[in-house]
Amino acid sequence: MNFSLKDEHVMLQKLYREFAEKEVEPLAAEIDEEERFPIETVKKLAKYGILGIPIPKEYGGSGSDNIAYAMAVEELAKVCGTTAVIVSAHTSLCAVPILEFGTEMQKRKYLPDLASGRKLGAFGLTEPNAGTDAAGQQTTAILDGDYYILNGSKIFITNSGYADVYIIIAMTDKSKGLRGISAFIVEAEYDGFEVGKKELKMGIRGSATSELIFTNCRVPKENLLGKIGKGFSIAMKTLDGGRIGIASQALGLAQGALDETVRYTKERKQFGRAISKFQNTQFELASMDTKTEAARLLVYKAAYMKDMKMKYSKEAAMAKLFAAEVAMEVTTKAVQFHGGYGYTREYPVERMMRDAKITEIYEGTSEVQKMVIAASLLK
Amino acid sequence: MNINDYSGVFVFCEERNGIVSKVSYELIGRGRDIADTLNEKLTAILLGNNILNKANELIHYGADRVIVVDDENLEIYTTEAYTQAFVKIINDEKPEIVLIGATSIGRDLGPRISARIKTGLTADCTSLEIGEENELLMTRPAFGGNIMATIICPNTRPQMSTVRPGVMQMKKKDESRTGEIKDVKVNFTDNVNRVKVIEVVKKEKEEKGIDEATILVSGGRGVGSKDNFEILQKLADSLEGTVSASRAAVDAGWADRSKQVGQTGTTVRPDVYIACGISGAIQHVAGMESSEYIIAINKDSEAPIFEVADLGIVGDIHKIVPELIKEIKTV
Amino acid sequence: MNIVVCIKQVPDTTEVKLDPIKGTLIRDGVPSIINPDDKSGLEAALNLKDEYDAHVTVLTMGPPQAKNALREALAMGADEAILLTDRKFAGADTLATSTTLAAAIKNLKYDLVIAGRQAIDGDTAQVGPQIAEHLDLPQVSYVSDLLKKDDFVIIRREFEDGYHMLEVKLPCLITTLSEMNKPRYMSVGGVVEAYEKEIITWTCDDITVDIEKLGLNGSPTKVKKSFTKGIKDPGEIHELAPTEASKLIVQRLKEKHII
């Protein structure tokens, strides 16, 4: 048992912190306010290898591991929830499934561009009538010669419009139910692919969230990801990995809000002394810190298990469930500690609280995480 | 090296475009005291082209003699030519002490000379004294101004030091003083041509530099924006002072880098220093703590700036400064 | 093109605080960083690597933990890193330090040697020029810009009142200002590679140098004493409304005959 980070991870943490503080934090309030996708940040993330952290060097990645990846999302989320989810969706939901389920040719074709950040990735599973019940897919893919023809739509797609490569889940054979679902690598340039209306959101407002529409979209048949009929399993495994990313985002938001609160309570004076001197403050801070640290242990453990090629589905679900709840609780308390100021956009905790809510919802709601955990418990 | 062969105090007089820099007179001032303590002579070294006529004035300010190397190779400063001339003088004259201004020239030239003649050099000294055994005690700040260290050079000669400009006192000019002026010729080697000056650019002369101001109104992170610096300018105007800034304010782009006070900026010692919204990081304090009277206004009562302030006001600069301007106008 | 960059690991002096009671330095928890001027020198070298495929070697003299600074330099993109470490080097002043570094550089191929203008802990600015003298190289210090042109470099050299544009034939030594550029961050892949590489360690036995010229014994200057500046008498502190505060300030300025 070893709870200390490797030297390599300590150095990466330093890199992420410097990058986050100098390149990400200064933009966080602005992109939230303007609901603007920070394309300039994406280019910088690419330059420093942050868009290909767990992708091996032979495919143009940084050649690091999932702990390093989780730490990156965490450090980014400490200052900007939007930037964190851009990295998470790109990495966990697009580059990694190609690495894990792709053919050698698919890996050679897509990974170098994705891992180096020349291209951005996204993932499409959710549909208007297939949310938590992901099996109710209505998007269809019908083989026609050398192409699959996709029809239907996806909603709430992170990075949409800015991504170049999408992993899309569609029904290839409705009669087979879950076993009739397949996964495809779809390029934004393909005919019949269209980005629909942009969602106006409560939080992570700089992140691009839109609908995707497929109208006789022609996808070359070699872009089938994994075997035909394996799409549902690919989607679920991809989401297992994605949950590590979102759990890291939640963890970062909690830590960021806690850091802000510690600073503020030391500065803010009421009744003649810093509010950090009051026992209620101290007890609350202690509890926020403890929960955040517990979330970190769950997140790092899930990432470690993925690195060790162990089964980590339940642990990822636990990490996401817990970290998201902690993020919501800690950011809410952070706003409370900031009082009236906390409710204004003068302080970042207001944004952090809005950003935190989504971590309880996307890539499987908290209820879905409980289903996963319970299923593993009761099998 | 027999260190008893070395005697006399030598100071380097830096000259650019025919003008001898202020630090040269400061070195003559301090060198004079040291030479008197040691009962030795004070020699000024003047290097340049067509500068023989500047030598007399160095005597008026306190030198006993001046060694001049007047050569076209010395027209514009380059390390190698100046080093060759300087090293020849040291080898011929065997001085006990050599002082050089810690300017961007002195701090380039000094180490090159010291490495060539293999003696010690102490950088950027703020105090020079003579010790009990007639050794030169060279005191300098280190560690970002957090510690002072007194350095000696016991076994090699000359004892060399670069000296921070603005710290030593110059003497009053005395035109009745007379002394020896020695014109020395140097045979330069080809090495002086290894660095070629292709262009010399002078920056626009700015308004009074912050190091020369007697009243400074200085703004930090608490000022909040570039626009807010205007109110500091108004305060400075009402006191006939100058605006300066902390590194945080300069980094934020609210003030020009030439206005930066601190270890990495300019060291200032005005009669009054008014710190507005400056927390007082140690590297800032290092650059202003010798100010005669320090007033600090900051809303954080625990800001370290209050530790060096003679008068500390806990409050909001945005409210106090406009009131203060009004109050000054009533006087 | 071969470039040697001399770096120093230093405590981040902006984070150092004085103990207000004892007047001593609080060094605990002060992070170690690559000296800022040196980091800009490394960035200048890496720019030349990007453009001309230069080979960049970073060199430092220090205790074993100075490896962290070298590792960071590798993670930024340096090709090779050498740590000079030996008890015999300890206690060196600038002359002994420059003698040691110059001896190490003599073991290497170089067209350009880069050092930071000065270190934020020692603030001497002397080691770079002294290395140049030991290697008989032309030197340019206070460099804010650099352009390579065939076997020359065009350099912008800063002065208090302006700047010079200089042309210097390689090989030469420059000392760089932190204003010169904005150093890149480490990259994730760079960190991974930095841990795959070995940091070369040289001791006194790996360089050709007169042992008398090293460390404390080889240092012509000695520290006689060091001290903190002590604490000033506490001033007066008031929490007052703007009007009262202004009146008090004006009163004090009058007392000081400023107004």
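Per-chain numbering from 1; labels A, B and C assigned in written order.
Assume a residue touches a chain if its C-beta (ideal position, glycine included) is under 8 Å from a C-beta of that chain, and two chains touch if they have at least 3 such contacts.
In this text the structure is predicted, and so the values were computed from the model without any measurement.
Q: Most contacts: which chain pair?
A: B-C
Q: Which chain lies at the heart of the structure, taking centres as C-alpha averages?
A: Of all chains shown, the one whose C-alpha centroid lies nearest the global centroid is C.
Q: How many angstrom lie between the CA centroids of chain B and chain C, rounded to a whole number?
A: Computed from C-alpha means, the inter-chain centre distance equals 21 Å.
Q: What whole-number Å value describes the gap between the mean CA coordinates of chain A and chain C?
A: 40
Q: In whole angstrom, what separates the CA-based centres of chain A and chain B?
A: A distance of 55 Å separates the two centres.
Q: Counting only residues that touch at least two other chains, what does the list for chain B look like?
A: In chain B, 301 touch at least two other chains.
Q: Residues of chain C touching chain A in their complex?
A: Touching chain A from chain C are residues 71-72, 75, 184-192, 194-195.
Q: Please output the residues of chain C touching chain B within their complex, sorted ascending.
A: That would be residues 11, 13-14, 16-18, 20, 25, 93-95, 98, 118, 120-130, 132-134, 138-142, 154, 158-169, 172, 179, 219-229, 231-232, 234-243, 245-250, 252-254, 256, 258-259 of chain C.
Q: Where on chain B is chain C touching in the complex?
A: 16, 76, 79-80, 103-105, 107-108, 110-112, 114-116, 118-124, 137, 140-144, 146-156, 191, 194-203, 215, 239, 257, 263-264, 271-272, 281-283, 289, 292-295, 297, 301, 304, 306-316, 319-320, 322-324, 326-328, 331
Q: Can you name the residues of chain A that touch chain C in the complex?
A: It is residues 7-8, 11-12, 14-15, 18-19, 47-50, 52-53, 57, 61-64, 68, 72 of chain A that touch chain C.
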